[in-house]
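One chain, subunit A, links the two complexes that follow: it is found with subunit B in the first and with subunit C in the second.
Moving on, here comes the complex of A and B:
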């Protein structure tokens, strides 16, 4: 397959994912309302935490709220139901038609997932971050930093899409992907640093977390919302780029493994 | 002489299944034991370009397994096959450019997207030139009557409409070979007839090779010109539809409406298919007894109000073949 062909499929699939998500106005509104509820609740929780315990890490309560504002934005932009859609395609047998095509299925799914993610990011980023600014009551990291956070959030989308693709595909081997999704979700919550910056974690857990792809999905974009040196942001960006390349490679391998499993008649 | 576009030689496929263990101490060690099922065995045939072939057999005969091997979705355990000069399970993506698939109850379309968007994406997937794609889409829309359906999301279509759109999706890249697995399953009589007409038009217009599996013998009679009969994974018969009907034309169905309430009839070479109030349906084996004799006999015995003579429907022919061919086993 020509690289240009793959890119054309990726772009078209992303365009359709974007168009489809932009049409789901109620879903977008619901996401914003839920985001608001989460931010209002957790900002109150953060304010209840004493400042002295986090001041040692050079952080304020407003920093924590900004951090969480970005992590939650990434999470709300992720079309997590995509893994269930894919699982359904496998169980219903539609996968047979999707696999016998000149372009690998993973490219189509990657484009679709990223398109949906970017559509939500496009719509939700301004209202959600404005709301975060209101509930944080200060500590705005600056326009440049926020642009960096959104760019890194966009970079996290192929990682999240690839994970969801592989989670859905796993039902070929384990019949039901939901238990694996549950584990993945907990890892994303814990190792991705959804609520607290990884800097606050015990050293051993922090080191372990950075050795996994999860911080590249959530913590890396949110890192731009915290005060800190540029070198740290550059390291987080490199970490993200490394994992994007690695996971896309694994995604392509998983796509081929799916076809081999179906051809072997070995699906669970 | 036309070239063979599909070649299958001694194709075979086994499946490993699990069978529950009988209750007892062995059940503590293993809940099930493996056993092998032969789905297809020693299946050989060739199909020339432009042919319209029906693959028929009862449930579990191995029709779909064979079709899945030919389109690259299943690796055989023995034998070889080539479709358009490619080994399907080794060159699946290259082959995809040359084949179209329509599997009943499965869809090419993205449920939430308008059909046109699904087609746009498929055009990119099949790397079609924009001009060629638009021309083909317009042609298919005209053949299948899709103009009003293109703007609708696939999930809002009826089954018949969706099948037509799926057929269009399978043909966007103008494949020389079309695999149809139970394409009319779940469709009502009108939608079935419409789809068969469309398929005939398509085969005529694009000279597409069609390999069809269906339980509906009407599909076969209206679309195909050749029949391959299989059972338990083995080929029973490979003949033209015309020959099949001619060979089995010795069987005639005689429908009688009588004045008498309970007409009864018995004679060698004659089978009573239906016996009801003022009604009698007989199958006559014309090799065993002359049809004229049976008619004369009936006219003598009953006061006949109406009489109709029919050739045997394909469904009956197929049943008959299975009955006779499988008798020694």
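Moving on, here comes the complex of A and C:
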């Protein structure tokens, strides 16, 4: 397949994913309500934290709220149900129809996931970050930093989509991929620093977390909401770019392995 | 057949299904146990850094997670079928339950059992006794309070998924409303502003699922326990009323 053809497929899949998601108004409303519930409840917890206990980490209560505002936005933009949809396509046999296309399925899924992510980001970013600003009561990181956070969130999209694709595809070998998905999801929460910055973690756990791709999916965009030097943001960005390249390579390999398994009839 | 015997027969059918694939059941329950522990580690690291939050320490959050895990686990292990209500409305399979001589709600609720929720139920003792510092002699009170919390959670689940009677294509929206309930119950609520607390004891009864049970464990109060029992009854009654109203709407729309 020529690269130009692959890019065209990716773009068209993204366009369809975006269009499909923009039509799901009730779900988008539900996502905003869920985001609101998270921010309202957790912000009260952060406001109850003693300022002296977090000042040592260079953080304030408003920093914690803004950090979580961005991590939750990235999470809510991710169409995690894609994993279950893909698993269903494999179990039901619909995958056979998807595979007759003249392009690798992983490119179609990557485009679709990216389109869905960006659709949700376009719709949810302003109301969600506005709500975050209201509950934080100040400490706005600045337009430039928020723009950086949103761009890094966009970089997280292929990482998350690729992960969901591979998790869904794993049901070819383990029959039910749900348990693996649960562990991945909670590792995303824990090692990705979803609830609070990794700076609050013990040093050994923090170093281990940064050796995994999870911070690139969640913590990296949210770093833009925290005080700190630009060098740290640059390092987090490089970390993201490395993992995007690595995971897309693994996704392509997984797509080929999936095709061989289905065509060979060796599925679980 | 009396209603209790009918419910027991439905439960037995679900248990037989799990037993027939015991290996899968154990794997699902085990992974659910592990995922709960992974998530709880985030709170371990948080309290390791900040110490306490308005008087609450890791032990209190651990008790909270124990109650949530138990309530969620019992509710979904026994009555996960209610979460299929949107799909049943959409594909018309609810009709098969309506034409039966019994009220469709028990059959719907007990039509499915989530085997992974067993992992949640088994997580509870870990959070209560290992992380929470409770002693085994408090088990009778713990179980009584936890079962009341489970009743509130199940009633709230029925209320949440009954929304599907009014919102076409609202299956995933009902799932999102249910997640709001779980999220609200999974966060320390004692420091929430008054407005949020009001919501947590009315529209989203998360306060009855975790805050009240933890308060009872910290300082037992018979009146508070009575209040929790009354809340469980009230939400159960509300759940039946709302479900019936939705069912009436569904039947009238099908007839027209």
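Basically, the second predicted complex is superposed on the first by the 268 of 268 C-alpha atoms of A that agree within 3 Å, B and C clash if a C-alpha of one lies under 4 Å from a C-alpha of the other, contacts with A are read in each partner's own complex, and residues count from 1 in each chain.
Criterion: a residue touches a chain if its C-beta (ideal position, glycine included) is under 8 Å from a C-beta of that chain, and two chains touch if they have at least 3 such contacts.
It should be emphasised that the depicted structure is a prediction, and the values quoted were computed from it without experimental measurement.
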Touching partner for A:101 - first (subunit B), second (subunit C), both, neither: first
First (subunit B), second (subunit C), both or neither touched by A:27: second
Touching partner for A:249 - first (subunit B), second (subunit C), both, neither: neither
Touching partner for A:259 - first (subunit B), second (subunit C), both, neither: first
Contacts of A:151 with subunit B and subunit C, given as first, second, both or neither: neither
Dominant contact partner of subunit A by residue count, subunit C or subunit B: C
Touching partner for A:234 - first (subunit B), second (subunit C), both, neither: neither
Of all residues in subunit A, those that touch subunit C in their complex: 26-27, 29-31, 33-34, 37-38, 40-42, 44-45, 47-50, 53-54, 57, 81, 176, 178-180, 182-183, 185-187, 189-190, 194-196, 200-202, 205
Footprint of subunit B on subunit A - complex, ascending: 1-2, 5, 8-9, 12-13, 16, 19-20, 92-94, 96-97, 99-104, 108, 259, 262-265
Residue numbers on subunit C that touch subunit A, as the complex places them: 24, 27-28, 30-32, 34-36, 38-39, 41-42, 45-46, 48-54, 116, 167, 169-170, 172-173, 176-177, 179-180, 183-184, 187-189, 191-193, 196, 204
Subunit B residues touching subunit A - in the complex, by the definition given at the top: 13, 15, 68, 71-75, 89, 92-97, 99, 101, 103, 106-108, 110, 112-113, 117, 120-121, 124-127
